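The letters A, B, C and D name the chains in turn, as written, and every chain counts its residues from 1.
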Amino acid sequence: MTLPTGADDGRDVMAEFIPSSPLVALLGIQVGSLGDGEAVLHLPYRAELTTIGETVHGGAIATLADTAVMAACWCGAVPPENLRGSTVDLTVHYLAPASATDLTATARVLRRGRKICHAEVSVTDSSGTLVAHGVGTYQLG
Amino acid sequence: MTLPTGADDGRDVMAEFIPSSPLVALLGIQVGSLGDGEAVLHLPYRAELTTIGETVHGGAIATLADTAVMAACWCGAVPPENLRGSTVDLTVHYLAPASATDLTATARVLRRGRKICHAEVSVTDSSGTLVAHGVGTYQLG
Amino acid sequence: MTLPTGADDGRDVMAEFIPSSPLVALLGIQVGSLGDGEAVLHLPYRAELTTIGETVHGGAIATLADTAVMAACWCGAVPPENLRGSTVDLTVHYLAPASATDLTATARVLRRGRKICHAEVSVTDSSGTLVAHGVGTYQLG
Amino acid sequence: MTLPTGADDGRDVMAEFIPSSPLVALLGIQVGSLGDGEAVLHLPYRAELTTIGETVHGGAIATLADTAVMAACWCGAVPPENLRGSTVDLTVHYLAPASATDLTATARVLRRGRKICHAEVSVTDSSGTLVAHGVGTYQLG
């Protein structure tokens, strides 16, 4: 899949959109890198993100995963004139506790259809341990 | 399924635990009611929860769903001496945009095993429209 | 949701299509009833469907669930001239062993969009015990 | 993760168990290779596996994925005296039609806990195209 990478590429849209999204800003999710059908996002550890003790809440991880899936699905796609899209569904498997750690989500497109895009995402902690895995369906347009 | 409902019931644990959970407090999730294998939670609308415009971010809905699944799985179970548990996995289907609306999550246990508990959750907006459906696996102990 | 229920309704298409589908016939899945956004299918027990001993294989249950989700999504929808559609994704939670038992899948639409339809399905054994729960996304057209 | 690979390894159990499982035999699923936390299974194309035309039914793909997840979770684990286990849940994303093609499922463990094992599986057609992706939770013991 080779898609245009000019100024009107989905990556430009995402680089601007993600940090301006209120919940993303509230949690502190940051854009790492955006490639063709790929997105890397970071979530620095803060006590406000925990569920109990120093364990990051599964909901924070799901928000990170959802945002990364969306970003990967947009990156590489030519954005339509009126930017529209939404998550159709998201499945997250929690593999290990994320304890007092920054998190990195790496999402990549599994398949991009005309309207429907599937992506998977791996969430690792600061030591590189896989703490969660997600797979989602995103609808563009 | 009839389970003990005394003072050491999981509901008491949940009624105290949920509001004290930092991310839950950050988003503003509130306990509605807790029954035997059932939990109703509320998420009042705030601009900080949106993804763009007035649409609540899917991650906020996933956090609400995850918390409700956990609560339902604990409610009715006799809590072990050392409270422990974690979400194994969660699938959320997003059915309709949640636009500038308070949300209510109603979770119920599908099956409670000795260690593994499955629950489903319906998320409705203030008009009663189903905006998301979740199903999760939770591990107790 | 009120949809046409005439001769060109999706139910007529499903009543004819399901029994003629080779894998459905191989497993022995039968149509129970088809309503507006609802479908009930049966899978009579046979030793060929098991994984070990008398336990029905999770794959047979997934096939039953997938077929029921598809049927519910078509039932009530006006079929396009060229019948087309496909499962986008399916999540099945296995709740209890299905041992030497006939199975019944009851699927209902959670939300029908223009192109995307979400449905959930409950699979019960001959005693009415819930043995599996599924939720799927189906694409029409 | 380094696990014993002796005669009492889960791989030996799987190599014997999989072909003897009735539904697996009915569909024609074959063992490719079994490694430490990995399993490769094949499903040769047959007209009986289709849903319509030459398209393999999603249920056949789900059965292949479920069996591969189970196999990967057993491979590397020391089997308990009494072999027991079951799929907790399985999510399959269908990425492209599988038309008149043999299929290969490659599963690998994402994380193996004491009782709970998570694995993902990629299903490719004879040209190497990814036609489905699955992720599942399996319970040992």
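Throughout what follows, a contact is a pair of C-beta atoms (placed from the backbone, for glycine too) under 8 Å apart; a residue touches a chain by one contact, two chains touch by 3 or more.
This is a predicted model, so every value here is computed, not measured.
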Chain separated most widely from chain A, comparing mean CA positions: C
Comparison of B-C and C-D by number of C-beta pairs in contact, larger one: C-D
Centroid distance [mean C-alpha coordinates] between chain D and chain B, Å: 32
Whole-Å gap separating chain C and chain D, where each centre is the average of the chain's CA atoms: 22
Where chain B and chain C are represented by their mean Cα positions, the distance between them in whole Å: 28
Where chain D touches two or more other chains at once, by residue number: 88-89, 91, 93, 118, 137
Complex interface listing, chain B residues touching chain D: 88-89, 91, 115-116, 118, 137, 139
Interfacial residue positions of chain C with respect to chain B in the complex: 91, 93, 95-96, 110-111, 118, 120, 130, 133, 135, 137
Touching residues (chain side chain C, partner chain D) in the complex: 17, 21-24, 26-27, 47-52, 57-60, 62-64, 66-67, 86-94, 97
